[in-house]
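Heads up, the thing below is written out as structure tokens.
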Amino acid sequence: MRVADPAPAAAEFAAAQGVPLSKSLDDVLRDPQVQGVVLCTPHTQHTEQIIRAADAAKHVFCEKPLAPTTDECLRILDAEMARGRRLVQVGFNRRYDLAYRQMKSTLLDGTLGTPLMAHCAHRNPSVPPHYVGGMPITDTAIHEIDIVRWLLDQEITAARVLKPRRTSRAKPELQDPLIVLMEMADGALVDVEVFVTLAYGYDIRCEVVCELGTVALGNGSPVVLRKDNLRSDRVPNDFQERFAQSYENEVQEWVDGVASGEASGPSAWDGYAATAVADACLAALDSGERVGVEMRQRPAFYGQAAALAAVGGAR
Amino acid sequence: MRVADPAPAAAEFAAAQGVPLSKSLDDVLRDPQVQGVVLCTPHTQHTEQIIRAADAAKHVFCEKPLAPTTDECLRILDAEMARGRRLVQVGFNRRYDLAYRQMKSTLLDGTLGTPLMAHCAHRNPSVPPHYVGGMPITDTAIHEIDIVRWLLDQEITAARVLKPRRTSRAKPELQDPLIVLMEMADGALVDVEVFVTLAYGYDIRCEVVCELGTVALGNGSPVVLRKDNLRSDRVPNDFQERFAQSYENEVQEWVDGVASGEASGPSAWDGYAATAVADACLAALDSGERVGVEMRQRPAFYGQAAALAAVGGAR
Amino acid sequence: MRVADPAPAAAEFAAAQGVPLSKSLDDVLRDPQVQGVVLCTPHTQHTEQIIRAADAAKHVFCEKPLAPTTDECLRILDAEMARGRRLVQVGFNRRYDLAYRQMKSTLLDGTLGTPLMAHCAHRNPSVPPHYVGGMPITDTAIHEIDIVRWLLDQEITAARVLKPRRTSRAKPELQDPLIVLMEMADGALVDVEVFVTLAYGYDIRCEVVCELGTVALGNGSPVVLRKDNLRSDRVPNDFQERFAQSYENEVQEWVDGVASGEASGPSAWDGYAATAVADACLAALDSGERVGVEMRQRPAFYGQAAALAAVGGAR
Amino acid sequence: MRVADPAPAAAEFAAAQGVPLSKSLDDVLRDPQVQGVVLCTPHTQHTEQIIRAADAAKHVFCEKPLAPTTDECLRILDAEMARGRRLVQVGFNRRYDLAYRQMKSTLLDGTLGTPLMAHCAHRNPSVPPHYVGGMPITDTAIHEIDIVRWLLDQEITAARVLKPRRTSRAKPELQDPLIVLMEMADGALVDVEVFVTLAYGYDIRCEVVCELGTVALGNGSPVVLRKDNLRSDRVPNDFQERFAQSYENEVQEWVDGVASGEASGPSAWDGYAATAVADACLAALDSGERVGVEMRQRPAFYGQAAALAAVGGAR
């Protein structure tokens, strides 16, 4: 393990843990013992760094978004395909959450028939001051964009964004809440409530409606409290409380994949697709109209394997 | 109590119960002891019959829809207003359901802040063969049209209808499911999933999302079964199982209202508004576009009193 | 309908509703149009009044307990059997609650196999000042005594009462909570938590554990609230909120039974058995020991029919 | 890391992973780099092995039971106290389960007031052929014995065991189900349903009843399925599905504790107490009577610190 960090304090912290320091990313990439690289850099630097890592045949893990524009994403795809094997994984952590995995395996086992709709809600109690403009799409709905692609195993082809009455609790420059409507390639419809200043807690909901029944994220909490004329489940405070385990699974499975040379998990293609859909949503938010998603044809290189393989770990 | 029925069998059944028979509606209306009339006639006959009853100063209860067209509804409104007091009640039974009433009283007590959105689903396991065309709007979504007007205490101003991938279980001439999107006068947005051949049961869902929290119809059933690795609540089979009590409440409160001379419950105005919104939804289903609801200005005669008074009975 | 009431105010109220007044119970019983009598008298007067009504061949409904002692209960049984048909019904309202009825029908349909245990809790937020001594048995656990006899369709043969640590919220002369343990004729065991000053609400719980699964009263409330990091069902405030509908069903079915001449519902035998079991529980509370229930052999006259017939109305 | 295993296959497997092999436990204990030892040996060998490890000042982790008899447990306590610091941890994994930890922290935060009762159920779908005799106590209820000591932070002082009607699904030599009643030092009462052949699944339930409310393990599952007129949470199949995460937490926290030299988690005292209570339960099962728990006075050495410290990790 090696660490390269331009911030001296972070570098010293790593050194104090006994991790050897490198001067730069290139220094790390030159080390033949290094098999994979975790980029914790701003997404504006992802493209160049990922391409250099791919050129060095190293695995790369980076947080979403893969890159700021679809053009840059495509450059990454091209670099990866040029190496002939999957090297890039994007941090869509929800695919590693036990509950979403059980939804996926339920959909796959076929007892509910064909999925026709999905209803989602993404609710936060509050957002930081710098959260403005299109961030309800690019930072919040982006999770639903990825997860419905994964759950329904197909692309999103068009989007529309509706603006409900605004909450008085959001600052004036933020349209909150939003309803994002998405069309899937096979005609299934997805609606996503995005409401980032809904006081009561961090509540993530998702129900997929099929021909014979539905499967949804559960509502129950680890303990139930009876008090003051209420029988209550707890709603988490934030994404850490809700998704802590998924991050651990994500990193562990990435490490395992690097060790075995078998990349799985959200691919560069998934990163590209999410960016393309987010672009369509932003345009739809702007225009009030239905906007088609513009995407390159999916190369055979990216198969369907990643999505299906990732279910393997589900219980 | 008197019964008039053109069908001899029905008339004979009533007579066997000791109910005096009348030859015709006019015969009933001439009886000075009769205070109110329950019309169980096809809705195409409602307008003339209601107007005759109103002219005779009798209370009238009829099932939804009030009349087939908004023009006929307006004729009823005019006849009622001409009599100077409320005489007509339309059978929107959900306003008499304990759960919806608790939702309403929760919204009224103000602890959740302003409502911004409502998410509804109306799911039936199956529909009869004659259920076709616009009936998902006029026979099914019509309940949600009324109940969100009542819950949010305002008119619906525009509608849009989306067509998700069709279920293979519906007959070809039926677009099933649908998503109906409605805009309220104050900007709140309502989405309604209408899915009338969703195999698993009769499931009515409604969540109103406010600034500080949400209130929703509960999911629990009277008993919980643990069996075969499942902990299960029962989903009702049909509207009788789900709403039986609301029908009893509806009739009882109507009778009480007739006795006291104080009409409450869904008014002729509510019947007119539901028809106007349904017309907009049908046009939207046809065109795929957003359609504004065309309605006369609400006369002071219909106040806001009905909706609020009806909450009085809620626990 | 006739009313006899020694309290002038009550009598005048009834008269004002247009109900003819009678001077005394005997006056009522002499009226050949009267088919049934509802006794709203102190239970110390039940025995004589019921026997007089039975002698007059009138149906009688009275609240629990049937009579203060098992000896008096047996006099009532003898009087009823002497008339040759069932005339007496005791007010165990829970048998008319939809949820208990669904439990009963689930147990009867056989899919869960033989019942082996039942876990019950009877929780009140508070009790009035005059609630002391054995009242946790005679006024509170008495409901569970009846309902488990009915659910499991057999007699209780022995009881034991345990005294947990006392709550600091009860007055010193009240042992609260209690745990009542009861043995059924076939060996099934029942435990009942009786806790009458448990602050959070009126909460009635019951789970019957069978060989293949369990069935329990549900926990859900009509609406669900999301607020302040909680997703909450409401716990009722008191027995009126929880059991209002059961009282209406009880009276309606009694009236129907009187009209048809077919008595159903909790019989004089059920009233006798509950008193006998309560006596055993009181002795067990006193002694700390296991106490056998002393009961006369069940006469064929009382069959098993009542319990099973009452399920007929369940959905 | 070193492995010593008398079974050649296991030893070879470890060697293949690159773990150095030792010939014997003593060989391991002589290695100055070894700080802690995980015993995966039969519990009949625990006592000698633990004492040898303690003599070598190594930390020891072993599965429950600590030792077959309380006398052997006391020898372990003495050996540990002779070394002057805590070295032994027993594998009561439930203390590492998120849900039990939330129960504990809820009880500690004081909003519910004093605990007065606990209701538990330990249900298995089936047991292996060698599961007989007292194993419902020593292998099954043993978990509840430990967890209620931990949740209520006090010793169990007496026990009684009731025998409900036996299920026809258990083999004749097994009394199944059982109800275990336990008295806590402060008078709180605990009832535990132990039912190891209850077909429907692995279901662990626990509710602590306090003066102002209750806290219980939740019932919800990660996903909710709507199908066939049911809205269902999944009940786990077995303890692995239910408690997998707790085992990971347990090992990780033990390793962290060894590294820091700060032992926490279930102590040798907890192992001794569980064995003493199990002995009382076995005697009570045999005699049908209430049996007092015989235990040495708790040495100051074992403080109350362990139980409280372990809550630190709870969310």
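Per-chain numbering from 1; labels A, B, C and D assigned in written order.
One rule holds in what follows: a contact is a pair of C-beta atoms (placed from the backbone, for glycine too) under 8 Å apart; a residue touches a chain by one contact, two chains touch by 3 or more.
Computed from a prediction, not measured in an experiment: that's the story for all the values here.
Trainee: Could you pull out the chain whose C-alpha mean position is farthest off from that of chain A?
Mentor: It is C whose centre lies farthest from that of chain A.
Trainee: Report the inter-chain centroid distance for chain C and chain D in whole angstrom, where each centroid is the mean of the CA atoms.
Mentor: 42
Trainee: Give, as an integer number of Å, the spacing between the C-alpha centres of chain C and chain A.
Mentor: Centre separation, chain A to chain C: 57 Å.
Trainee: On chain B, where are the residues touching two or more other chains?
Mentor: Expected reply: 200, 212-214, 219, 221, 225-228, 233-234.
Trainee: Which of line, ring, star, complete and other names the graph you get from chains that touch?
Mentor: Shape = complete; every chain linked to every other.
Trainee: Can you tell me which positions in chain A touch chain D when the two form their complex?
Mentor: It is residues 98-99, 102-103, 106, 111-112, 212-228, 233-234, 241, 245, 315 of chain A that touch chain D.
Trainee: Using the touch definition from the top, list the residues of chain A that touch chain B in their complex.
Mentor: Interface residues on the chain A side: 113-114, 116-117, 119, 121, 162, 164-169, 177, 179, 181, 184, 186-189, 191, 193, 195, 198-200, 209, 211-214.
Trainee: Can you name the residues of chain D that touch chain B in the complex?
Mentor: Per the touch definition, chain D meets chain B at residues 200-201, 203, 219, 221, 225-237.
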